[in-house]
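All remarks here apply to the structure that follows.
Chain nomenclature is as follows: A, B, C and D, assigned in order of appearance, with residue numbering initiated at 1 for each chain independently.
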Amino acid sequence: MSISMSISVWVSALLTLAIFSFLIKDNPLYKIAEHIFVGASAGYWFVFNFHNVLLPDLFKPLGTEFTSKWFLLIPLGLGLLMLMKMSRQYGWLARFPLAFTVGIGAGEGITSIIKSDIISQLSAVTFEMPLIMLTENMGKMQINVFNSFSNIVYFLAVVTGLLYFFFSAEHKGMVGKTARIGIWFLMISFGASFGFTVMARISLLINRLQFLIEDFLGIVI
Amino acid sequence: MLNYLKTLDRRIIYLFVLVGVILPIVGGFLFPVQSSPMTDSVVKALKELEPGSVILVSADFDPGSQAELQPMLLALLKYCFENEINVVSMGLWPMGPTLIDNAMDSDKVRISKDRAEQLMLEGRKVYIIPKGEAGTEQYLEERDGKIVVVKETEREEVGDLFDDAIYYVKGIRSLFPEGHIKYGENYLAAGYQVGAGVVILDLVASVPGALKTDALNSKPVESYPIMNGIDTLKDIDMVFTLSSGSGGIKEWVIYGNGRSGVKVCGGVTAVSAPEFLPYLVSRQLAGMLAGLAGAAEFEAATGYEMGEGIRGMTPQSFAHIIIILFIIIGNLVFLVEKYSENK
Amino acid sequence: MKRQIPLLITFLSAITMIVFYFLNEDLTKDYKSGIFDWVRIIGSFALLIGIVNLLRVHFYKIRRGGKEAVYSYVLVLSFFIITVSGLIGYGKRGAEGIVGASFLTFDWMFINVLRPLQGTMFSLLAFYVASAAFRSFRAKTKEATFLLVSAFIVMLGRVPVGTMIWDRIPVISNWIMTYPTAGAQTAIMIGAALGAVSVSLKIIIGIERTYLGGDE
Amino acid sequence: MKKFSLLFVCFLLFSLPAVTAFGAGEIDEGVSGKIFETTRIPVLIGILLLGGAIVYFIEKAKKGQHIFIRKIAGLNAIDDALGRATEMGKPVLFVPGIMGIENLETLASVSILGHIAKKTAAFETDLKVPVRDALVFSTAQEVIKESYLASGRPDAFNDNMVEFVTSEQFGYVAGVNGYMVREKPAANFLLGCFYAESLLLAETGNSIGAIQVAGTANPSQIPFFITACDYTLIGEELYAAGAYLSDDAKAKGSLKGQDMGKAIVMGLIGFFTVLVIFFQLASMGKSYEEFQKGKEAKPSETESAITKVHNFFRNSLNF
């Protein structure tokens, strides 16, 4: 074991330990790390936005090629209107840029969602996962019982799941029973997603602990 | 006892998880890794690429997900350069390109002892951590026909290499002979691209038009030979995204594959993987690596046994067992309680 | 005026995006990426408001004094260190690139302060999944049992030790992921998509206007 | 708003040819001659069908027709949670997700915030809304101010209810978690678009014993809310919540319209499924190559009617 002599490693390690200390309970060390984190990251993104958005997309073009890029005065104006938010009297002017942003989001959202989350999924459920699945057997396409069964399960999960989301029908009788099967499928999927994720979370921890053990404490395995 | 377990302080669980992960890291032994169909599909798609193909590697993640995605990135780059697949790199996330730079030039890439010797003789700088001495950086050098370990000031003869030391080079680039990866011919870094979905739409229309200049020399990308014959995204042989959230694999599938039909593969964090399964089913996604297990399987499939993914699988297994044991305890407590209530 | 004009702006910008979608991309892509630039520019200006708010809150805490003021000092100080070093030295890197950054510069702060903080905060999840699993994966009801069993199998199926117990476990886990799970996810996706379509439609035609705030 | 709805439909129908005429002059040699992405017509049909169903039921509801909407468990929990916070004299925490205002989940969340703020104003309970996005910051402030005004308590509103933390995902979590353990809110609402921070927030909230109501449409994060929160709004329920909470008839109409949308989707699933079954049955006994060729066949290349119909729909959905 030979503890690191690098100030960078020490800073990283102390901050790492400070965050971990939150697991025991809230304490001054965590509070310091938290405030460094909030302050430094706010500054980081501020600088980042300045150098990657405002400078290249707004100020530089306006400064150097104004004649062809004069229309950038519009977003500049909208941006300045946004700043009006800080005034009590003219705060309402900030609604203009806000309305623009929301409008763009809504318009862009509606088309791409219909395409990728409805139409493509519709195609996947019906055409890509047919209830009768054929595979080649001795040169001829024949029904593959296991794959067909799997696809039927998939199909049932989709349909009963969708039925669960019906708001204008009381969950009673036939609808209630089917929706309940829908809930079961949802629960299976939640459990599976959870289980699937556990590994990701552990991986992150392994990474941090490797840093502490190998880089900071200098223990070699 | 029952009551203690029922109201178990969550910090006890934390302690078990911590110990369960640290012990195997310090103990350092490996579980064998087997591949899964999801990973196989990625390997299959990669094997279909001919030497000289161009793959667009997009780093759409930030250091927060490095633990899972960086091993995939390293293994992917290693595979590409070994098989003469040319790489254009970019990132939809601001910190992505930095992570690719790290993978190329500064991340520790572990190698075996034999490989270390061979690379050193080829003139690459090979680093070593002899057992029990980390802390300061040490590397190997050949002086007067002998291999020596060079610390900052002193130098020490090794003669034969240590069996139990860790050998590594810095960055994927150092795994190959000088000149194997020519910038502009085999590799091009296009840097951070602002705008996620919009960038991809731009790429669909025109790759040089969207990427504009490269990150190293700020020259137009079309001035590099690697871009010969590449006009729109269709001309790229595969897009490989390392994705950890919004502005990533979903956009590549919807806009990239959806609009141009380009083959899209991806490495994702395990947490987001289930969300993209429908795209695998609908074949909009050619293959997917999910989480550290995906990385480990990919490393095994492409022949990189020293990878972080494979090494990480052991603490991973321990932690899973601990969580599973806790779930079992929780259920036993619950059942015992129910039983005694019924009595 | 304070209400109708914003509603009209929303309507027109949304319709523009919808119309663009159905036009040849070669015709629209320049406009489209220009529009997204605008959105980002507005967002960057808005960020300034956020930062002013953050600093105001903490300047107030500092002025109020007391034990807690120390933390506000720390926050304001780290904000200014990274901002000043970033505005001066952004993107200027030595021969070793970002790794060789010197003490307290922008790149150094990123690598040695922000990166470990991000990674560690994220890694707390490893502990949280364990305690959440222990607490809630109990076979109390039929639904909870489904949750428990599928989590159990998939958790085992993802690590080599699962294979050691029974070599079919990864296969079963994969089947659960590909069929019932993907199916239920698709159902959630389609349902949520309809909800999203409805929200965006209501915004476009001006029925949903909470986001604009008051009526003055 | 009828004007707007009408305008909307007219615009869709008439703007396309108009823009076409405008764009036609500008096409240069290098660009493929087409003006419309004709392959995307299914999306247009989708907008018109789904949008039509929603607008139709909104109109119907406006005319006073009663629309039945079933109870959603998580929504009743909102009132319970608010009630408990008031009883205990502790604050209420509302987290509107981590995405920007242009995100539709965030917009749904903001509209729920409006209702919650009305209640906290009436109950005189403290409300805290930490945000990560600066546009959400200013929107949330407006929404809360308006709610306090509507409840007749403008005096109880203060600017510090909404606090901008930082744009960094985990920095935001660090700040909010710190707030939770120190101020110990009695009710946490985690509604909106969440990623990895879902469990970090929910588990900390659970450890301080707050009643938690969560909701997101992001399928990968729902499981974490389910395990750590008392009630979870799943997917579409998040979008429905805003409509449900407002006693506005129009909102209920739009929910009914969404149901019609689901019915349409399910109808299509049924139709295509039967179609595919017939196609598969007809393909039995062929060799694999013939089967693949049949799937890719253009209408002119095949005699079989079922293949024609099957391929037509299959190709229209894959663009």
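Please note the rule applied: contacts are C-beta pairs under 8 Å (C-beta built on N, C-alpha and C of every residue); 3 or more make two chains touch, one makes a residue touch a chain.
Computed from a prediction, not measured in an experiment: that's the story for all the values here.
With centres computed from CA atoms alone, A is the chain lying nearest the middle of all the protein shown.
Counting C-beta pairs in contact, the chain pair with the largest number is A-C.
Taking the CA centroid of chain A as reference, the farthest chain centroid is that of B.
Centre-to-centre, using mean CA coordinates, chain A is 20 Å away from chain B. Rounded to a whole number, the gap between the C-alpha centres of chain B and chain D is 33 angstrom. Centroids of chain A and chain C (each the mean of its C-alpha atoms) stand 5 Å apart. Mean C-alpha position of chain A lies 14 Å from that of chain D. Listed for chain B are residues 10, 14, 17-18, 21, 64-67, 194, 258, 269-271, 273-275, 278, 281, 291, 293, 316, 319-320, 323, each touching two or more other chains. With touch defined as above, residues shared between interfaces to two or more other chains in chain A number as follows: 19, 22-23, 31, 33-34, 37-42, 44-45, 48, 53, 57, 82, 85, 98, 101-102, 104-106, 109-115, 118, 120-125, 155, 158-159, 162, 165, 186, 189-194, 196-199, 201-202, 204-205, 207-208.
Among the residues of chain C, those touching two or more other chains are numbered 7, 11, 15, 18, 21, 25-26, 36-37, 39-40, 42-43, 46-51, 54, 110, 114-115, 117-119, 121-129, 131, 133, 135, 137, 147-148, 151-152, 155, 158-159, 177-178, 181-182, 185-186, 188-192, 194, 196-197, 199-201, 203-204, 211-213.
Of all the residues in chain B, the ones that touch chain A in their complex are 11, 14, 17-18, 21-22, 25-28, 65-68, 94, 129-136, 166, 192, 194, 197, 250, 253-254, 258, 269-271, 273-274, 278, 281-284, 290-293, 312, 315-316, 319-320, 323. The touching residues of chain A, when paired with chain B in their complex, are 1-5, 23-24, 48, 52-53, 57, 112, 115-116, 120-121, 123-124, 128-129, 189, 192-193, 196-210, 213-215, 217-221. Considering their complex, residues 10, 64, 245-246, 258, 269, 271-275 of chain B touch chain D.
The touching residues of chain C, counted against chain B in their complex, run 25-26, 29, 32-33, 36-37, 40, 97-99, 110, 114-115, 118-119, 122-123, 126-127, 129-131, 133-135, 137-140, 148, 151-152, 155-156, 158-161, 163, 170, 174, 177-178, 181-182, 185-186, 189. By the touch criterion stated above, chain A contacts chain D in their complex at residues 19, 22, 25-26, 30-31, 33-34, 37-42, 44-45, 82, 85, 94, 98, 101-102, 104-106, 109-111, 113-115, 118-120, 122-123, 125-127, 130-134, 136, 139-143, 155, 158-159, 162-163, 165-171, 186, 189-191, 193-194, 197.
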